[in-house]
Amino acid sequence: MPIKSEPVEVNIGPQHPSTHGVFRMVARIDGERIVDVKMVVGYLHRSMEKLAEERTFTQNIPFTDRMDYLAAMTGNLGYCLSVEKLAGIEVPERAQYLRVIFSELQRIASHCMATGAFINDCGAWQTPVMYCFRDREKVLDLFEMTCGARLTTNYMRIGGVAFDIPDEFLPALDRLVNDDLPYRFEEYEQLLVGNEIIMMRARDVGVVTPEMAINASLTGPMLRSAGIAWDTRKADPYCVYDRMTFDIPVGYNGDAYDRMLIRIEEMKQSLRIIRQAVHQLPDGPHKTDVPLAIRPPAGEAYSRVESPKGELGFYVVSDGGPAPYRWHVRAPSLINLSVLKEMTVGQTIADAIVTLGSIDINVGELDR
Amino acid sequence: MINDTGIVVAFYILAATTVGCALMVAFVRELVQAVLFLALAFVGIAGIYIVLSADFVAVVQVLIYAGAVAVLMTFAVMLTPAADRKNSSTAFWAPAAVLAGLVLVIIVFVSYDTNWQIANRPQFGATAAALGEALLKPYVVPFEVASVLLMTAMVGAIVLTKEEEGEDA
Amino acid sequence: MPHAVTLTLPGQQVADRIRTRLPHAVRDVQPGYVVLEPASALEVMAFIRDDEQLDGKFLVQMCSVDQVTRIDVVYHFSSLAQNHIFEVKVPADHEQPVVPSISPLWVGAWLQEREVYDLMGVVFEGHPALTRLFLWDAFPGHPLRKDFMSLPGGQKTGLSQFPKQVPGQTGQEFRPPNPGTGQ
Amino acid sequence: MIMALLTIITDNWWDIRDLSNLSHEIEKLIGDANGPAWLIYVVSGLLGAIGIVSFIGGVAVINIWVERRVVGRMQSRLGPNRLGPFGLLQPVADAIKLMQKEVLMPGTASGLIFTAAPIMFTVPGILLMAVLPWGRNMTLASLDVGVLFLLAASSLAALAVFMAGYSSDNKYALFGSMRVIAMLVSYEIPIVISLLGVVLFAGTMDLQGIVLFQEKYWAFMILLQPLAFFIYFISVSAELNRTPADIAEAESEIVGGYHTEYSGMKFGLFYAAELINAVVVSAIISTLFLGGWWAYKLDEIVPGWMIYIGKIYGVYFLFVWTRGTLPRFRIDQLLAFAWKWMTPMAILNLILVAAEVLVWDESGWSAGVMIPAFVVINGTLAIATVYAFMRLLAPKFERFPTALRFYSNIDVPSLPATADGAARAGTQTV
């Protein structure tokens, strides 16, 4: 007579070391296998979209830092681009190059964090996280040097960048990009990529097929790991990305291991972009003068940016007043989770944790 | 040799704990506690072996019984549905008590009947080597038969569980 | 071959394409977007996804805008193969907004529809698990609506601060009593 | 009498190189003062016990510091250095913090088992210490079934884990304990068989005997039995549930494992027991494989037990090293690893050793020839078997991960519209 075992409901989160913030996953498991996954979000919901309706366009910029607090620069950039598109503002060359440099630096910092946290979910007792944090600190020092803040940078303005870069920025950036980080990434390559245990833990875990990826509108490393070569910087080049030559890493079988590889490769590509951008950095004003309470013409605009988590879109509707009439953010973390059920049902809890780590969600952006 | 008082005292303590645990196994309410008392009884028996300076058998007793059989029992207990985890009293306790009383009487009678002599043999040397010799020299056939029996038992167990999985899949 | 830079299809081109299959599905055509008839919205969506010229297989994003007289549900579709993007709106009544759910067609819409329902109150028929996403179920009202916690006259919150009203009239009922003074 | 005892200990402490000197001295002393005969056993037994328990107390405290410091250095950070010089008082602070913490017990927990579990988890660790040889004849109890005694004591841990898991009546704890028991039981077999290989070679099960064997034939056992060492090290690190096998308290999965509900000194006991077990196991490894207190000519100059402790911390560093760097296996990979890799390899090793011992006895060649021959043969065979197993059993991953494809521009294949989302509608409760 087979042993009768009824499924047990297990709560993973909201206060759990490996859910990257207050994200709760209620998994019903039968023995080790997961039967059903239900996710509960909203613990960090600050209703930013309502608040933004009562502040001027410039006052809304700090909101974008607090959404994806690990990739503040790309958040700022996305919002500023959408308002500039709405108001038809021209951004000087130097500001565009600075924007590219800083969003690529932010991508390195965020991917460092993602890789470290992912390996930590595989169980490696904080050692890789410490290495990744050490490298991330170097990038954050550069941010602090220019805009005073490490995490919530609030560096971009509508029409350009808040401050021009100080004199010691370029030599520090040069030292970081040419002498330090390339060897760090090789170190990751040797330590993590060939590691059998990680291959065993991450191979064929959380697999996404290309069709499902497109249908579930996944973006960023999730889409590229499924084998679809799509990158907003290439498809819809904003700022001066069309003058940069870089490659898009694309995976084969859409599992957690491919996503990790993609993130490490993307960090290398970012280095390439930064080198080219620093090489072509022109002089000139870093910001066009835009009135503080800008009143863009009534209308709507949607613009998107390739943030480390995926495609971050801003849909801004204005009615001619100083405040946006409606302000919607396309959060890649939330939409990348729509396939969570396909990826985890049928696998064990340990795999579910690894899958969640590989999606690299950021709860600030998820809950907005 | 420590003179006899030390050994006798040790023996009585160990005997008391073993019998006490065995009784507790029967009477304790919680089934899981019963299993743990069983493990304690096994360790008590190993202690008695040590008092008889049969060290190899004592260590093997701990390894086999306390280490493996007790864990097996716990798995068995864990697999029983939580409802009847209680050490519920069955209706058969009357006949069981009679039977137990009968066995007790027989033991007491036999222990009084035989005339025990202190075997004046020298102190036991290392028993492990002697056991090894005995197993492989005079008693090698029963040793091999026993191992074959164990093997068939294991294979049988695997086949049984295998079949069960077959149905579920 | 995909366009070098993402092309935003003009509303007119999208409308003509839709009209070839469903003549009277389009209510209004604007330069940037197309407004659909809510009744036949589902067939249009299916057509958008399966048509090889529009090829709207990738739902970029969906959200809702409260236009005081009606509520617009805004969809952005894009075709990764041809690298173009276009916008479609489905209007709904302001008091009881009901819009057909596109979750059977796009898996990505599951969470986004729940979010729109949670924050704007638009009911999507056909969505298998339409519950609140961020707020707790007993939350009164839908925050993103313009008339949420506003004067009975439906005054737009906008930039002007709330005029000092009698407490208990506009949302003060959610404020816990002040432990010190007790109100 | 006390003064005489003190003089023994103080003036020629250098000579206390092994316990036997001490017990002879005491015997002579008690003999002169014609005390009762049994007092000698009691006093020397007591001395040995105090020695070992204080060693364990010291080890449990020092190891907390060693582990945190070493893992800290591995992670390019400093590790505790605030309290006391180099943070040496940090473990003391931890101990005090744990002691003064309130010990909580879940209401529905069965009290007796709940309190008995940490004790039962610590006792085997300390029991094992009695059998280990610290000096030439400095062993508290040189049983001639020493190795078997080690296995028996370490098999009790499975029961203690179950008691902890079951009695704390918490879903996570139950998961953790069930996983650990499954692992302990399945890793016991490779341990037994690999130790059997060592015992076969040394001929005796008495640990002191094994060390003397290594001294007689002038070779560490690890050279003669590399495969046994490899299997034993991995299986025992799984038994201790340290990384890469610390699924018991896999914090990223089920938080805390079987000691989730414990707090205060009970948790302190669990934590200390884990460290003590680690030290005891590294002591066993250094005895069986690295020659215990004997180190070629060194043990004439330096007292045996100093070399021994040096080796213990050497092996302990290996454990800390693997703990600091390797990610964790999943439970089913771990069990498959135990049954598919460890057990067959151990049996293979046993067969090889038996054949070699037979050849050695029958042929009668002198040890001078046989020992180097065994070293060479066993070395190559060990590497060969591990490589063969890797080739045979390794999952069909490509040896080198498929490199990513690089696109200079976007390229999206026109895929058919995916399977209708409606099919998924029924089950979806996202």
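Chains here go by letter, A, B, C and D, matching the order in which they are written, and residues are numbered from 1 within each.
The rule is simple: contacts are C-beta pairs under 8 Å (C-beta built on N, C-alpha and C of every residue); 3 or more make two chains touch, one makes a residue touch a chain.
As the structure is a prediction and not an experimental result, all values here were calculated from the model.
Chemist: Using C-alpha centroids, which chain lies at the maximum separation from chain B?
Modeler: C
Chemist: For the pairs C-D and A-D, output the one whose chains share more C-beta pairs in contact.
Modeler: Contact tally favours A-D.
Chemist: Compute the distance, rounded to whole Å, between the mean C-alpha positions of chain B and chain C.
Modeler: From the centre of chain B to the centre of chain C is 73 Å.
Chemist: In whole angstrom, how far does the Cα centroid of chain C sit from the Cα centroid of chain D?
Modeler: One centre to the other, that is 61 Å.
Chemist: So the centre of each chain is just the mean of its C-alpha atoms; given that, what is the distance between chain A and chain B in Å?
Modeler: Each chain's C-alpha centroid was found; their separation is 62 Å.
Chemist: Counting in whole Å, what is the centre-to-centre distance of chain A and chain D, each centre being its mean C-alpha position?
Modeler: Going by mean C-alpha positions, chain A sits 43 Å from chain D.
Chemist: Please set out, as single numbers or ranges, the residues of chain C touching at least two other chains.
Modeler: Touching at least two other chains: 2, 57, 80, 83, 106-107, 110-111.
Chemist: Quick one: which residues in chain A touch 2 or more of the other chains?
Modeler: Each of 212, 214-215, 228, 230, 235, 337-338 in chain A touches at least two other chains.
Chemist: Can you list the chain B residues in contact with two or more other chains?
Modeler: none
Chemist: Hey, which residues of chain A end up touching chain D in the complex?
Modeler: For this pair, the touching residues of chain A are 8, 10, 16-18, 32, 36-39, 119-127, 130-131, 134, 193-195, 197-201, 203, 210-212, 214-215, 228-231, 234-235, 245, 247-252, 257-258, 261-262, 265, 337-338, 340-342, 348-351, 353.
Chemist: What residues of chain D sit close enough to touch chain A in their complex?
Modeler: By the definition above, chain D touches chain A via 71, 74-77, 171-172, 243-244, 246-247, 250-255, 323-333, 395, 397, 400-402, 404-413, 415-419, 421, 424, 427-430.
Chemist: Along chain B, where are the residues that touch chain D in the complex?
Modeler: For this pair, the touching residues of chain B are 2-3, 6, 30, 32-33, 36, 39, 55-56, 59-60, 62-63, 66-68, 70-71, 74-75, 78, 126, 128-129.
Chemist: What does chain C use to touch chain A in their complex?
Modeler: These residues of chain C touch chain A: 2, 5-6, 32, 57-61, 63, 65-66, 74, 76, 80, 83, 85, 87, 106-108, 110-112, 115, 119, 132-136, 143-144, 148, 157-159.
Chemist: Show me the residue ranges of chain D that touch chain C in the complex, using the header's touch definition.
Modeler: Its residues touching chain C are 410-415, 417-418, 420-422, 424-426, 428-430.
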